[in-house]
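Have a look at the structure below, then the notes.
So that you can tell them apart, the chains are marked A, B, C and D in the order they are listed, and the count of residues begins at 1 in each.
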Amino acid sequence: MDNLHDYLHRVHYYETDKMGVTHHSNYVRWMEEARVDFLDQIGCGYAAMEAAGVVSPVVGLECRYLRPTVFDETVRIRVRVKEYRGVRLFFSYEMQNAAGEPVFTGVSEHCFLSAAGRPIILKKQLPDADRALREALEEDK
Amino acid sequence: MDNLHDYLHRVHYYETDKMGVTHHSNYVRWMEEARVDFLDQIGCGYAAMEAAGVVSPVVGLECRYLRPTVFDETVRIRVRVKEYRGVRLFFSYEMQNAAGEPVFTGVSEHCFLSAAGRPIILKKQLPDADRALREALEEDK
Amino acid sequence: MDNLHDYLHRVHYYETDKMGVTHHSNYVRWMEEARVDFLDQIGCGYAAMEAAGVVSPVVGLECRYLRPTVFDETVRIRVRVKEYRGVRLFFSYEMQNAAGEPVFTGVSEHCFLSAAGRPIILKKQLPDADRALREALEEDK
Amino acid sequence: MDNLHDYLHRVHYYETDKMGVTHHSNYVRWMEEARVDFLDQIGCGYAAMEAAGVVSPVVGLECRYLRPTVFDETVRIRVRVKEYRGVRLFFSYEMQNAAGEPVFTGVSEHCFLSAAGRPIILKKQLPDADRALREALEEDK
């Protein structure tokens, strides 16, 4: 996956709280921003997936907050496919500040549903997306 | 409209910013919270309106920030129908802190669309909602 | 803890996303809303704690999304002290919809810092808050 | 001001609502994102201004929503200094979609305060920032 770039997020003023640092809820949103960008990069764009009638909601999250981040700082986010065997999909997230220090690690777990909310088999519904995810997993090893 | 109650919003920690006060964007969200509550009170609930195939997007906003508000403070919000003659709908908003001091005034402007995004005549589509809005306007005078 | 009430949150329109349900990031914010309310109830109010120079940032989160929630629905949130022995504090969260079905469970982990960001011993700094948390834990068993 | 670039914002999934389009409150946040970027470009960075003890809260907003925007779309935002004579500062905002169609116009009004919340004269406190704003205004004509 040498050709994958990390996602960069510059902390917005409205993302800070009265503690003077980024509010912890925003990292969950950055996970999504970076995941959308990652899926684009591996040829499995989320907008296209939804247009094809498949949604992939978050069913689980794990978040570790290692260092605070502040307004105007740029956070580098690396997303990888952590686990995927067709039904459940896990992404891992590593976030670093400009000094290269880890600020956050996380995992998100997803399932695949039809627009009507029924579980679907991605391999049947969207074989290309399924293949892209498997390859992303393979190359990661 | 003597039977109308004001809407109360307690400022959440995640709504503050590094200045130590509520971020200005949240008042726009509180306008919506209070508007939804107001529409319920006058018998023109927004969820029911959407279920009937009508959406009422915001097309304009005016906001005046008079005093900051802080975490854990309760803000009292009064919503009124400012103008309505069938096509465009204007709400006014007055927000006060616990000391009764004004903290914010605003106006929102709305149109009515079908689920497909076409302009509709509310009186034809949802005569009860149209009547409720006209009465809210009347009684306000 | 029979005298503790659950926290109620009515889903706001701005908390929904294009899937038609509540965006998952908002549950993290509701955890905070409910936690602030819970701390008030056990006599360990967060605003007072901060006024006394102590902050309690989130250092970890676990979230399980069990059922979607929708606009205008009221979510009942039960918070409990899951673990506390003086340094790290864990809260558990159970969220139910109006039908009493579980929609979300979660855990948040917190530390205690001075305003300057240094780790502190809550028992020394704020003995009353420390006691309130221990009692909340005790009574839970 | 030929050397100024517009600010680009790609619509995030979490910024959409159940109507399937961007929730209107987010444009207020994009105004801030674009304003921070603009101030950086004219040499009047907001982070530096705050580090020097000056804050510039929003005291007024006007927003016109012209066309909806959707997930994954890139919005081009042009910010300009609309009015500035030392005490009140007004910015104008024009947002376009990828097809070059206007989606939003807005104005924000700001004052200048010390960290303690007292009104200040920017020219005395931060003469360089004052000059940068005046020049941005001049060149705009």
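Convention: contacts are C-beta pairs under 8 Å (C-beta built on N, C-alpha and C of every residue); 3 or more make two chains touch, one makes a residue touch a chain.
On a predicted model such as this, the values are computed, not experimentally measured, just so you know.
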| item | value |
| --- | --- |
| Greatest separation from chain A - chain, by CA centre | B |
| Chain A and chain C: spacing of chain centres that average the CA atoms, whole Å | 25 |
| Rounded Å distance between chain A and chain D, as computed from the means of their C-alpha atoms | 29 |
| Whole-Å gap between the CA centroids of chain A and chain B | 35 |
| Per-residue overlap in chain C, given as positions that touch at least 2 other chains | 13-14, 18, 21, 25, 29, 32, 50, 71 |
| Category of the chain touch graph - line, ring, star, complete, other | complete |
| Touching residues (chain side chain A, partner chain D) in the complex | 12-14, 29, 32-33, 36, 45-47, 50, 71-72 |
| Contact set on chain B toward chain D in their complex | 18-19, 21, 24-25, 28-29, 32, 50, 55, 57-65, 68 |
| Touch list for chain D against partner chain C, complex | 13-14, 16-18, 20-21, 23, 25, 70-71 |
